[in-house]
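Consider the two complexes below, in which subunit A is the common component and subunit B and subunit C are the respective partners.
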Partner chain A sequence: MIENSFNRRDFLKVLGWGGATVALSGCGNTSVEDGREFVTSYVQTADYIIPSIGTYFNSTCAQCDAGCGIMGRVREGRVLKLEGNPKSPTSVGKMCGLGQAGVQAHYNPDRIREPLLRNGDKGEAITWEKALALINEKIGGVKAENIAFLTGGVSGHVKVLLKNYLDALGSGHHYVYEAVAPSIMRAANKKAYGVEMPRLRLDKAKVILSFGADFLGAWVSPVHFSQQYARFRKADNGKRGVLVQVESKMTLTGANADRWLAIRPGTEGILALGLINALSTAGLSVSGDVVAVVKEYTTDRVSKDTGVSAEHIAKLAALLKERSPSLIIAGSAAEGYAHGSQNAAAIALLNQVLGNVGKTVEGSSGIPFPQMAPTTGNRQALQALNDNMAQDKVKVLFSYGSNPVFTAPASMKLKENLKKVPFKVAFAHYMDETAVEADLVLPLNSALEDWGTVMPEYVADGAQLSIRQPLMEKLHPGTLGMGDILLALLKQRRPNEYKGYEDFYSYLRNAMVSNKGALGGADADDNTFWDAALSHGMVKLAGSPVNISSHVSVNGLVVPAPFAEDSAYPLHLIPAVSASLRDGRNANEPWLQESPDPLTTIVWDSWVEMHPKTAAKLGIVEGDIVEVASKSGAIKAQVYVFTGIHPDVISVPLGYGHEAMGRYAKGVGVNAFKILDPIFDKETGELAMHETRVKVSKAGQRVIIVKDEGPAGGQQMGRKIAVRMSSDKVNLSKEV
Partner chain B sequence: MSITNLLENWSDFRQQHPSDDRPHREYKWAMSIDLDACTGCNACSVACYAENNLPVVGKEKFLHGHSHHWIRIERYWANDGREFADQGAQFLPMLCQHCESAPCETVCPVGATNHTADGLNSQVYNRCVGSRYCNANCPYKARYFNWYDYPTTDNVWPEPMNQQLNPDVTVRGKGVMEKCTFCVQRLTVAKSNARSEGRSVLDGEVQTACQQVCPTGAISFGNLVDPLAKVGKQWMTQQVDLNKDKQAKDVAEEAAKLRGYRILEELRTYPSVMYLEQLREGSI
Partner chain C sequence: MYCFLRLSVLLVGLIVSVSSYAANAVQPLTTADDLGPKVEQPIEFPHDRHAGDAAKGGMQINCMYCHTYARRSIVAGIPPLQKCIGCHQNIESVRETPRIKKLFEYWEAKKAVPWKKVHDLPDFVRFNHERHIQRFVFAQNKPVQEACGYCHGDVKTMTVARRQKPLSMGWCVSCHQKDHPVDATSTKTTHGPNDCWQCHK
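Right after this comes the complex of A and B.
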């Protein structure tokens, strides 16, 4: 690996950033707008480019919001492969499959290549000058209060520019919407510990009890948690941590648990209180007011309510009492109900009673630049926007980094309301469902050809500003970075303030260099500081540590009784967030479509997970196409029967069922977002994702499921292929 | 050569398999995979697609068994009739085991697959005639055949996706067999660098793509000849001997504490991949 400490700016000049386009042989990027091409011989090229030798540049992954540090292998002007950045505290040189597929987002054949203006049903290519002038004109014609900006989670300098632009417009309508964000968790944590995102120390815990938190798959920062998990399983002293997962539908994390407990949906809080009672009975010191609340949660009652056997409750309580510290995690499965916040509070109380707060639940770090701190979103923001659109209060809508037409439940009627907005601008990579509805579509650079800074919500260690830098020349001359677009828009409003910045790069460099003292570069000259920042792919920030304390109060802590049976809609629907597809934004990357789901091994389609008991009752076998109907709509998909799900529950993965976006996503599977009922968490108002009740009926068709699993269905037929043994038989400290 | 003769003098007929009197010289590449650390997340598989120019075949061809995942996650259940999979799943990354006595090598009519001096089971694409005997003979089902000419198939590498192709790795055409190479393109570079500095490749100097990406560090890879290599120490600690078909764990009662094993050892393929058994806590 070549140490990448040369002058970054020169490198980009070589690649054509600085104006002169250099065609590197074999790289394929020889198209120049004016038709002329200059071919420079390798004899004259900079000495760090050696033909056939890959050079690594650090950047930040954009495939999910975890913001892992990555490095891209660049050869002959092309980025070929991504690896984890060994110096990033989040990724420490590792990556996930989703992150690996970042190159397919970059090289995707379905990316939009030029600004498109709606002309009837078609998009007509226009120039950027025209597009930006059109925006200026449309904004000039409406009141500031009628302008709305919808984004996904944003942070860093793009967030700063976005805020400045909204200020310049006089519009405060910035709606931040994340379709599968842990917003109930944030609120519950804030209440229990005083911070939204405490740092979890899986590696310090001896027992982890997770209520449906898929921290190895799709929850918050899976690559980071996976590394902690490895140390939890094989600590330096040879002690192996014990993982118990309680959930109604098995997640990837549940599949790795020492004990996976299928719980009746929604009763997670009851189990947490029952465990506190069992711990108190077993002699753990628990304060009197807590005992008063939990004493009615006897093991027998809890077992009856939750479906978890009394034996397992007793064993779990014994384990938690015996091995301290432990870590109790509340995940989206526990929080996805109308009483989700109450479940989360009960689970936080268990952490508090066990004395884990301060040991395995640690404070986060304060962020020195709050204007760049991540703005997190929730579905309520989308609801507010939706209401305003319905009342014709939105005249110009900008949409960036979210795809609400795809992810909003049908009951919101978002697509219909969107039609009431006279001028809609979508900043997009693909013609996704939202871009298709827009009047003006502005194509964005891919994350591997764009400048930016990112401040992830969950940083493993301290505070940092992660840098995203181009790993190669732009593939398509007609795309722009979000920072560049915002800068151009700001120049329309505040020319004097921004005219000095030629592009977003110069803005970013200036903003960073002029603050280098606070960014750890006080002693370095500008160039050295900037080069070092780019070389590392991040700058560490001196954030003051935020201490946390646990003050879960039992006052007002009520956990409702289990759901009553509903004869019309007898089953609970769990919309599963898969590690690959998440909210569906990455569905057009074929590696992810062909990467088998870890549990079912299904590829290229949606499926309905069902317990064998339920299937037998309904006369369903694997491959039957069924209709899953809620009060809000119906979808049809193939059934996969397996024992990793509670019999009262069926599960359908999210992210499938695109009606647009691209060749690999369109028409693959069905969109489970659409049939979610409008039921909300009572405290936060967030959509209760797991609250939807459904009925299942056979649709009369049967297919062969396309999956990796063989006909033996996961049985080894007596052959010793994957072998398992009891952990007390080995001494891990003796292992290498 | 009669069958009797072959069976009686098997060790003479075996592929250039190193033994005590004929050891590996400089390199013997080997792997170990800790199934207790593996979470089944599939990152290794996607990384392999990225590194080794594996084609995405699509739903229909996947159904026909034409998928090309050189490393795939096999998922097993051990419910024993219980209502739930209450001890989770068993995940196993399956890849070419680079057998020292590889069943695929002996049946190739043209010698397209053979053993290299540093213990790799290699596949020479331009020698392969597509008989697929090797595939039929592989007990691990780790070989993948190009039933189609993927470089010219729609939507496999459409412009500009073809620009992502790794120039260090051949893009295979129709009619040839392919499989995991232990990222031989990376090994070649590392060996060449080391040779020019007059030394051997150091442990950790070269990683396979699957090893590099693995978030839990479940995969170790290195040179068994190197006494400092982690992988060799792991094999030694687990008392798994490359050249034996019965390991300490299978023979001795007191060795029950070991968790290293090789898959289908009894077939005497002498694989170069050792797995460490998954563990489950008994008290819960």
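Right after this comes the complex of A and C.
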């Protein structure tokens, strides 16, 4: 009604008078707020609990799979801030930004608060008794072989209960799926060194050559590697280690390297073999059969194939020969191709030739309780489940700790196949894409209010069982821990075995106390052992060390020639795993959306990273909305022109583009998982994440990118800041 | 019509601001009228019975016996229920009185008593009990009830506590400007800090 007549000037007048009113009321003492709030009041409390003074409790982070030890500051019964647990060998008192956002996973307003049963398009709140009875009823109506359990990586006592439940059902269908796990690396390591996850000693290396392993950002256990990296850079003997990063798209680790080498996508194996040849020519003793294989990889040929200059190859070979031990790491960028396993094998061979195995690549520790060891997953498991669903072989599906509807490539048609499953149960924190498809959604406790044990896949030192304990009371009375739910389900099947346990806590305490001898508490009485374990946040296990030997065979080691040009789809798509969003499970934590990407400084959106040359060729400038189309689909996003990427490559970060999940995740950016082509690593069958070819076309619009970075060559306080330079003009280190 | 609308908005703003100023302007710094609102508590706790003079039937319990956090924390706090019960389970004479019965009802239900805050400064003010208690009680040997009374008034004569002082910034500063001896034995004097950031962090 008022429409335009209430103009800006009037608005300001009213605002001014209103402001004056508020300011005048502020005089005097009207802001003392007596009698409205409650005092923190306890029934019983420990002597060390003092209102307004924080108490720290140790637990285990759940934000990614690294499983760092954390310490939460608790005041007046609420957890306020997380830090690293100083006693944890993984985190040693440090913590990453992703971990810090754990409190936002806990206090998140979009958490599910009660069990929901599908009624048409809506979820109807039901009681836990009804939900569990319904599961029992549905399971009773189908054959055991038609029941499937899909999870992310699980370990510890929850894994034990899960296995027992599946055994009780008689179903062996436990599918473990991790969307961005280093599955090819595990297989390649197993083949080369006999263990899936050898311990990398960055701190002992004098040179690190990393083929796209973003160990400072998002790879395996970044907090632990960052600390090793600090010692590598400032070694006790005063000699600073040299880091060379070879990759097609610059990662955080690449940005920290002394020399960043842009390599043509997929040719990492060729470079590794070329380096072996150069080393052997320079006089390093290399066995005859290896020489026979690598001798055709002359520096000229390798330089032509990989795009890395002959000068850099020569310098790199000289550096590796001169400084020993070195460490060669194969990351996801080298392994994300159909020949990923061969690339990894060639890189492992380089480690072997340099004699690093046993020095900087060490054996891990044996795990005394294999039933609690982490189950690692891969996309193949999801494929098997998908096939079974397509053939109507799955009647009841449980889903926990993974969000396949979001992370599976569109070509799998997972969402359609999921609809064929008559009864789907999702254990979830949020109504994510998978929970939305479910028939029954069971809300889980947050990691800060749950009991559990975690055995991380990569442990820094020895073997350990990390303990997750509640840092505060449950926020929502209607949620339950995964352990509690499994225990309740087991009570339906094996009442005699489990009726003695009131809840998961009593099960966990009993399981640990009755094994205290093996958990380092042989001399302590039960309570002392248990209190010490909770206080430390973990127990050390006496694991026998596993010695590794390197036996990379050159037999059958073939690294294919570089990709042929494809005129229809001329560019390679690299789906980037960012340190904050990873596979998208944390996308509903606003701190992570708000913290700028370390390289582009972009916030709250997806982007397409593109080399200036490529952009010029396509007539694209920063902020142009482009369509990125692969054979499997297309997405639209803003272009960010960036020199830290190979001209044949574009990169889109993963984790964005949720269609559900919550207010901070939904509709922000686009989902790059969807357009990945179904191309698989030939040896392991794993999805070759970097293999997708795309074409880019302008979509017409142009936007201003929301980012922290100022204009190139911009000034701050009269000084030039963040000067842009192409990587070949930067000379950070004389050595490389 | 639009003009009228605008005028009326401005007039309302003016009237509200003047009346609000007038309401505040009459308040002097410290008078007996600085009483805060009556705060209704779940249990009508008789401070006079616990802390009052023996001659008037009080038990003369030290303030810090219950408000034990005052000397160790920025807040004085409320004792946990177990502290009330610790004494009262041995005091048979009042066991059946309505207030004590209610107290034990909370205890048996393991529910904390939802006490309301009587002195609640705005969130942008940081008042530290520990500093004041350490200075007045432990350094200057002032009687506890006197030291607490500077801000809380003569609580030992009240039943349910009620705010006695304005707790405004001017009132705080009026005390911080006064010189006082550094400790009980010294003749050297000092005064409370007057930097903004001492309270507004």
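A few remarks follow.
In this text, the second predicted complex is superposed on the first by the 667 of 736 C-alpha atoms of A that agree within 3 Å, B and C clash if a C-alpha of one lies under 4 Å from a C-alpha of the other, contacts with A are read in each partner's own complex, and residues count from 1 in each chain.
Everything that follows uses one rule, which is that a residue touches a chain if its C-beta (ideal position, glycine included) is under 8 Å from a C-beta of that chain, and two chains touch if they have at least 3 such contacts.
For clarity, every value in this text was computed on a predicted model and none was experimentally measured.
In the superposition on chain A, A:Asn510 makes contact with neither subunit B nor subunit C.
Once chain A of one complex is fitted onto chain A of the other, the partner contacts of A:Ser52 extend to both subunit B and subunit C.
In the superposed model, A:Ser324 makes contact with neither subunit B nor subunit C. Shared-chain residue A:Thr281: touches no atom of subunit B or subunit C.
Shared-chain residue A:Glu594: touches subunit B; no touch with subunit C. Looking at the superposition, the partner that touches the larger set of subunit A residues, subunit B or subunit C, turns out to be B. By the touch criterion defined above, A:Asn136 lies against neither subunit B nor subunit C after alignment on the C-alpha atoms of chain A. Common to the subunit B and subunit C contact sets on subunit A are residues 27-28, 52. Residue ranges on subunit A touching subunit C, taken from their complex, read 2, 5-6, 10, 13-14, 17-18, 20-21, 24-25, 27-45, 50-53.
Subunit B meets subunit A in the complex at residues 34-37, 39-43, 45-47, 49-51, 56-59, 62-63, 67, 69, 72-79, 82-92, 155, 158-168, 209, 212-218, 230, 233-234, 237-238, 256-259, 261, 263-264, 275-284. Taken in their complex, subunit A has these residues touching subunit B: 26-28, 52, 75-76, 78-84, 93-101, 103-104, 106-109, 216-217, 222-223, 226-227, 229-230, 233-234, 240, 242, 244-245, 250, 252-262, 312, 315-316, 318-319, 475, 579-580, 590-596, 598-599, 601, 603-605, 613, 642-644, 663-664, 668, 704, 706, 708-709, 714-716, 719-731, 734-736. On the side of subunit C, the complex with subunit A involves touching residues 2, 5-6, 9-10, 13-14, 16-17, 20-21, 24-25, 27, 36-40, 69, 72-75, 77-78, 80-82, 106-107, 110-122, 163, 166-168, 171.
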